[in-house]
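Accompanying notes for the structure given below.
When the chains are written out, they are named A, B, C and D in that same order, and each has its own residue count from 1.
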């Protein structure tokens, strides 16, 4: 593989700026940024990564590559709906959650079921357990994620 | 469909007695009990349902019907690993969680993403949100779940 | 498990009468009839099974139990779209194909990848390989399928 | 997206040389080569693409990125077993089949169910239908695939 893959998960337009900064920092550290390929946090993280010259993968729920946002370099159309949440986190060596709703919680849970380290950027899901860390800033989130690699 | 389908999710042998009682009560109320088809909480809930003359469905992660526990009447071998957690909760009109680890949390999250009501039997996952209720006993868990139907 | 599970796959309203007869015969032999839970061949096979007093399982592509046709006793909502075709054949000890288009061919292929015997009722997909038999009538299709169990 | 994505599917070590040439030609034409990420035809197609300076995506059945062959640039671990065959073809604008067994036939069928053009390189699966073309050489296979884009 070309480099380390880190997934940025989450949702909510109000979290876009923080997600963009996370994506930018990951790319600056040489990581490939993996997302769910759609809007809000997913688009922002990819946009940030591209702004820093990075590479992005979008793992889509549907069957159409055209659903990927414009900052996705390589799109995977899984066709399996919410089932793709498993692929989004399995395809990363570490996961950073920025906001998000139930789908994000499913991804956090799957990440831990698979042993992937998870960093939740505040404010985020209130869920505790082995392998979950919390970060106060995008910088800290990326530092904590990279410390596992 | 023959009747109301309620999923019982969770894991941990220490939760088997409570899960068995949940399964028994659901069957006594005429519900079909859906589980992930394997051991511990899944087996106990199905065993309880069968003891009360109920019907059980086991939705397995693997490709082999023979993996189903002996209290599964109808087995579905999905072949999609953890992705089957989505099917376990999508196939129910309400979900009751008894203990459980990360896979159970993914199921709780998917259930809510799909709008299914969730009842967490204490002690259980500490996760709050719209559509999640907590119960102190198997009886209360079943009553809360059935109140949504 | 309660009994032998046999999947009836296919599509095309012109194949409904033959599929209904296949479903009826399978139920008369005590088999549980598994289908994809939607219309045409899937509905006809389930209708036939119910007419003979049998039991039916419908494994749906979507997230809604209400999508199941009225002859489905127990519905599984997988939420994984075409990915559910894998579950339809993995959940059977033998598979009978009645007409069908590309989705049916994917199911035939998956069935053989998993080692499930397949019977194609004429006229049907022209695909040959180890473990695929062809039948001239619903009676012969069911006899060939049951001979493997 | 960075460029056109074309999937190379199939199996069988005896088909490796032809698959490698297909991968090389696709990369020479600027296409990103998508495969199932494992061995034989999948590895050969990726190896050919890398030899021509191309980019490769491997969409794996398992949960481990480390399962990807060494010529995969970007790996996606779907965790859904054979269900990943759907993603392999949905993630391409055209599909080229080189040899292969039942899994490959499932991919051909899914590709057509989703409307993706399929080119089968001789000798290959004997299956006919709208949207399936046959090629006598890797050059012809790539030309036919690219003519659809």
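Here is the rule we go by: a residue touches a chain if its C-beta (ideal position, glycine included) is under 8 Å from a C-beta of that chain, and two chains touch if they have at least 3 such contacts.
None of the values given here were measured: they were computed from a predicted structure.
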| item | value |
| --- | --- |
| Higher-contact pair (C-beta pairs counted), A-B versus B-C | B-C |
| Chain whose mean Cα position lies farthest from chain D | B |
| Averaged-CA centre spacing for the pair chain D and chain B, given as whole angstrom | 39 |
| Interchain centroid distance [CA atoms averaged], chain B/chain C, Å | 27 |
| Residues of chain D whose C-beta touches two or more other chains | 63, 79-83, 86, 114 |
| Touch list for chain A against partner chain C, complex | 63, 79-83 |
| Residue ranges of chain A touching chain D (in the complex, touch as defined) | 1-2, 5, 32, 55, 57, 59, 63-65, 68, 72-80, 83, 86-87, 90-91, 93, 114 |
| List of chain A residues in touch with chain B within their complex | 80-83, 86, 101-103, 105-106, 108-110, 112-114, 126-129 |
